[in-house]
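Next come two complexes, and both contain subunit A; in the first it sits with subunit B, in the second with subunit C.
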Partner chain A sequence: MTDTPSLYEELRDRIRADQPTGLCTIIDGPNIGAKLLIAPDRASRGTLGNPELDRIVTRDSLAELEAGRSGVRHYGPQGQTTPEDLIDTDTVSVFVESFAAAPQLWIFGAVDFTAALAKVAKVLGYRVLVCDAREVFATRRRFPMADEVMVSWPMPVFVERGAELGPRDAVCVLTHDPKFDVPAVMGALTTRVGYIGVMGSRTTHAKRMERLTEAGLTDPNEIDRLMSPIGLDIGARTPEETAISICAEIIARRTGRKTPSLRDGSGAIHSAQ
Partner chain B sequence: MREILDDIERWRLNNRRIAVARVVNIEGSGPRDPGASMAVNEDGEVAGSVSGGCVEGAVVGEALAILHGDMEPRMVTFGYSDDEAFAVGLTCGGIIHLFIEPLNW
Partner chain C sequence: MTDTPSLYEELRDRIRADQPTGLCTIIDGPNIGAKLLIAPDRASRGTLGNPELDRIVTRDSLAELEAGRSGVRHYGPQGQTTPEDLIDTDTVSVFVESFAAAPQLWIFGAVDFTAALAKVAKVLGYRVLVCDAREVFATRRRFPMADEVMVSWPMPVFVERGAELGPRDAVCVLTHDPKFDVPAVMGALTTRVGYIGVMGSRTTHAKRMERLTEAGLTDPNEIDRLMSPIGLDIGARTPEETAISICAEIIARRTGRKTPSLRDGSGAIHSAQ
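What follows is the complex of A and B.
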């Protein structure tokens, strides 16, 4: 039973293992249905029918995979991409489908809002890490929905694994304890993470900003990366509603939509009902 | 594909032939992004979706025709500029391009 797995079987296994993979399929032109399976960690498998076309499509699809994009690209029969080369020749349309690894959400602070946020983030397809320095709170039993629960201070996590975070990922700091949230924010700012949200009332936020300034955070561009107080201003009250307001803000920041963030408002976050 | 793997695997275990339809491109307003996928087995069972429910019925017909050997793998377009073969539209007014093929790779 040492048969080489089919392209489908390899794709299936890699998707399930959350390993980034691209599937390139000719959808129009000669060799319709021909496939190339690409991955950043190993050579391509399959062929679109021409070695030069395979080489160019591999290069392009690896870039698309990095960006997490899927779409149709057009080539000449030998992978030509310049418009002049495509005049009077058959073009090949290739659907490049990216199976990027799941985006990550790192939650600092194992508080009552954490479980609700982890739950909503799982629905959205995030890989969720929960981290708190307090052993009694950061337990698997309290956060069975999380992919990983860590007992640690924030900085070592960013030093060891901060390079994993990119524009699709998010960090939420929910502790509202300055001992913990100042290093968590400073750590998050050392990464390329796309979203950093920090929980707390406007009073907590103002005090925290003072401590962050003392810790060396003065660059306005860096301060602008912080969504603090965290979440959209949708009047959320329960942990679950707050989780929705946070996740909605993460989506809106990614898509660049104008939505009312708590950060950009003023007055009490929870008005009397 | 991610969402339909479990169903596909169940069907493969039962030696069902399977066709897969994937959204490859959308123009204008479209309910699902490129990569949204739907699988159909030879018994007409369905997993996944490629729109908000507007065109799935027509996709089943296409997929079965491919599985029965009456049609080659191909691009299929749904939207307001439908050709005569597809009197199925998207209520949102967009156009979606699907690629439908047998799972034999």
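What follows is the complex of A and C.
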């Protein structure tokens, strides 16, 4: 581990420059203390003592870094990702420390779906903001699982804080009120946010697109950023199932998978009983 | 509401016969006290005062019943499912009371993915059982979110309690240990469980299929019940993302959607970094 000091120097520099970085350290098993420094935009540095272990830990820690999450992961000596050999062979425990803010999910609309979506997003490590203009609905009591509940129209939020949003973040517009959803979508489009989902039936979606066109949304590249109707086509009905379909779409969109979204289908979203 | 007494009679009979049933009652808005009795295997009885509202509440309450969950849902007067008109018009609050046990998820293998899957499944309303033969891993301290943690080999669990499992339930086999996963899969196949997912890379899956064939699994209809590799193809990497992909597949499989599963694809599950 002769290069540990320079590895820490690079870590220090990256933290100071606010660049997301992960430090992986073997805390149990062979090579205790061995380190790997990872970053989304460059090759990893250091080694845990096995190239395949390095490769797997790099992959996993980049995902942890995207979620802004730290914790201990367990591997086989060659990076096996589930402890199939835990009884018969050595296990390597790796502390993955992420130096990055948690990704954000901004939910516009304090409706029945909002609490379910906030709950599932919290499991994924998101910082969740709920925003609605109606103060009787946007209350901490209704959304105890959210990190922040705001009573506001959408535009001021995007004007003041839109710069916080980047490719790892998501905006979901769950209200069907044109007074609220049109500015929420237009606001989200001014940011670099990686996912914009808009809830509604295909009929609602068609009417909303008319209003968005009137509001100035005509660029096909911009329109392509809207995932609407929101969510993967898994037949979700309850708020909780819908939350799963939305989070699955957020993941698929970020990883570039072509798993069918409701947006790319046709017909009613809910099948008839 | 002249038929309310006979509606309660039917409810009583269904509860006594252990048949899943939901009772929907308007608790706020027009027609307070109006009732609708729903069941998966027959037309709904009673009315909430509007045919479209009846249709939507029937749809939602059947889904709630599947999750064994009770609670208040809010609708527009014609069954609008999000409160877009909450400010300008009356809202109907409906108490949906489900008379059915929660669906069950049995997870075999107390590994890193287990806790994440248990957490997401709890949001969906599942009763979660975690089972592993290794008592150092199958502990309540590691899985506080599970309803039950068992130290056992798989077969005794299926012999003693397999009859509890039906189409609403799910079995996920997350260990890669042949001593454990082969009997867990064979045990699950003896039940009526609606979803059987088995974790592993395509290589692990191929080797496992060889062992399952040796164990007597040759019927194509039985093989078709196995979702392996487990989960929808959304590019999941972390345990939490994998949990989302599994729960999305459980929902899609139950609703009959053809959303691509990892099972039906090819190539590596994780893309190269």
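Heads up, the rule we're going with is that the second predicted complex is superposed on the first by the 175 of 273 C-alpha atoms of A that agree within 3 Å, B and C clash if a C-alpha of one lies under 4 Å from a C-alpha of the other, contacts with A are read in each partner's own complex, and residues count from 1 in each chain.
In this section, a contact is a pair of C-beta atoms (placed from the backbone, for glycine too) under 8 Å apart; a residue touches a chain by one contact, two chains touch by 3 or more.
Small disclaimer: the values here were computed from a predicted structure and weren't measured.
In the overlay built on the shared chain, the residue A:N50 is in contact with neither subunit B nor subunit C. Once chain A of one complex is fitted onto chain A of the other, the partner contacts of A:T21 are absent, as it touches neither subunit B nor subunit C. Applying the stated contact rule after C-alpha superposition, one finds that A:S228 touches neither subunit B nor subunit C. Contacts of A:T191 after superposition: neither subunit B nor subunit C is touched. By the touch criterion defined above, A:A67 reaches subunit C but does not reach subunit B. In the superposition on chain A, A:A116 contacts subunit C only, with no contact to subunit B.
Of the two partner chains placed by superposition, only subunit C is touched by A:E240; subunit B is not. By the document's definition of touching, of the two partners only subunit B reaches A:F99; subunit C does not. By the touch criterion stated above, A:A252 is placed in contact with subunit C alone, subunit B being left untouched. With the contact threshold set out at the top, not one residue of subunit A is in contact with subunit B in one structure and with subunit C in the other. Residue ranges of subunit A in contact with subunit B, taken from their complex: 6-8, 11-12, 15-16, 23, 25, 27-28, 32-33, 35, 46, 70-72, 95, 97-99. The part of subunit B that touches subunit A in the complex is made up of residues 1-2, 5, 8-9, 22, 24-25, 33-35, 72-75, 97, 99, 101, 103, 105. Across the complex, subunit C meets subunit A through its residues 55, 58-60, 62-64, 67, 69, 73-74, 80-84, 86-87, 109, 111-113, 116, 119-120, 123-125, 134, 137, 174-177, 199, 232-238, 240-241, 243-245, 247-249, 251-252, 254-257, 259-260, 270-271, 273.
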